[in-house]
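Here the structure comes first, spelled out in structure tokens, and everything after it is commentary.
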């Protein structure tokens, strides 16, 4: 079942490796089925050089049960599931430990928009989700990781800001499908890398003006977008 | 039309990727025709691994209209056009979001000549173009990006200093043709990377003496240049 | 003799190169035989592009004598031997001069757990072994390097914290076999790289809470581990 | 003439590129003939992907005249020649603008021995040669670059410390032949990179103890050296 989606999710996981965002097996991408009833995710701890579409695991979004696949799904599956349930517009999710974005997450420092590269992908500051309490960690760690992300976006639009930094952990990014979530993960890593150097050059650096942020975000994502080719 | 130029511009765009200056599709190179009437530029948002010369877009320099090509030209086309119109000696332009040069642009910090690597390519400080006003952004953003660059070079020679850092955005570099503009973009990124480390090692670092700057620039670009092979 | 182990140790040395942890010939991996009587190690100063399993050197663990192999074993062989003798649970050892972990070793600064990436591999701070005295260096340098590492772990569990930073030198990592020791060396380098950036972003950064550290370490290594596939 | 040497020098130049030390055409390697009468050097400004042994230029060491080769020799040829004349034990020289070593050169900051990686290759601090005066630059720039390097080594042994940082310029490294000079250039770049991070982690970091420096240098280069294979 869902052969196309398994193929797309497998390819998205491999694209994450090609982009240099993955060390060892630290990273996973998932995608939601078109009818919204299932999602497909990478198996846990499987080496990328032997990964094929048939290794992908299909889960029921409502119950969280595996409905197809021989292998255990990613250990972060419960986080992915919570985000799909909370955000109907999201069709793909990427989790990495990409080094520069993870440095921000570890430093518990949010990533403001320091330039147009950021504005092209994120309509404002990429926020930090609060640290989990001991109770949250001990009870249902991965699900509660999803809950603190959703809590952090209570007043934010996850479509307009498709990424978060989980405190002391690492980033999650998302998009309308698996491939778009990988692109946002790549953009986040690039923006984090440039931000570290920008702050070294100018420690007092503040975010760009709102009108520059809006212009760049809208020319790519707004109703009158003119970046890229007509779809 | 302009098959040779389309081939050169396509190759220059691919060289930009090989040099590691491009993340996703963030980068574009253009070249001016020999008669000065047209310029050829990369299409907007097309993946590099499928890009071929026939995808390049040919535009009329005087009107800015597409005269050949099925695809939309780069969203930064208006910036390229303004620079060609202002600077007759420029035959190629490269725009990137290369990480270290972009860090300087985001920090709104100019890049002085800290050593001979810089002096081999840029006859002095690579300047920062001022931020655009809200009016400039809202009216004709990409053309106005060209205008602030040209304004910044009012008292500078764009042939001798073939690059600029656009505040809160990223670098543009140029040269006598597309390939030379890519070389200058590569040199700018390398100089920015070394400058960040040099400043970490010596925060009070100032530019090199004018006579060392002139010697290196002239031995490569001056009337008695002796770097490289005789042309 | 020990053809399988020679194959595994040779491959682990090559994996170290693929992972980007080796410059020139700076790095060596060894593995202990199943009966615990021998260990196999890379020859000293041999280029990786010509290295084959038959070049590996087999040594007697009790005497430290070469029992098979035409080439000199790694100059760090005595250090490996001491660690195998002290720690029965260790079946593979990796020594590198990987740049970011070596920066910590040179700075004589221990590497606390700043996030879950670290907690997935190291159950606490990766410690620094004290500098050797002049007498220790002049008498039996490589053996004494082993002694100061073992001394540093007097109150630490080398299975739970499978790496050390030797002051003014570089890291050693280990694991249940050669391949696992390479994985820990890779994880250490990644954590060191992220720590440098995290500290630049937040110089007052402290280690993560013990309950987050324990959760991540246990979900991968504890009795109820659920990361990866069932063995 | 000197076909073997041309082959070795060409390969050494290509190895410099493989090691990631070269951007564009910034780098050159030369080698001295066994009889000491000639040296072979890379041509100036030729792309590495088309470079072959027959492109190498043969010069007379005594006169500095080209005795074979159609192409102009490297613009830095006069520097190489002066070093060969001053130091009979040197058989190969490498000049790069490798980014981390160049950052030290630009910062005019010498590179002390911060650990055993450095001690394995350089028996002490890699020094900075003083800036050239305007007169020295205007008269015979490349030869005078050689003179200030030789001046800096008046009380240093160039065999024991096979590299220098030329102020506001970049490093030169050397060795008994072209291949060894490339290895020292690679080691210098790696040590500079680790030093930048070590200093960020410990700004007050001083050089290692002399007995550790001596031990590591001697185990690889001294009369009783036991690193690598017997020659």
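Order of writing sets the labels: A, B, C and D. Residues in every chain begin at 1.
Everything below uses one rule, namely that a contact is a pair of C-beta atoms (placed from the backbone, for glycine too) under 8 Å apart; a residue touches a chain by one contact, two chains touch by 3 or more.
Nothing here was measured: the structure is a model prediction, and the numbers come from that model.
When the CA atoms of chain A are superposed on those of chain B, the rotation angle is 90 degrees to the nearest 5. Chain geometry summary: the mean Cα position of chain A and that of chain C are 32 Å apart. Averaged Cα coordinates give chain B a centre that lies 46 Å from the centre of chain C.
Contact of a single residue of chain D with at least two other chains is seen at positions 199-200. Contact topology of the protein chains: cyclic, one closed ring where each chain has exactly two touching partners. Chain pairs recorded as touching, per the definition above, are A-B, A-C, B-D, C-D. By the touch rule above, chain A contacts chain C in their complex via residues 23-24, 26, 43-46, 71-72, 75, 97, 99-100, 102-109, 131-132, 134, 137-138, 141, 168-170, 196, 199-200.
Across the complex, chain C meets chain A through its residues 114-117, 120, 183, 186-187, 190, 193-195, 197-202, 205, 208-209, 211-212, 215, 219, 226-230.
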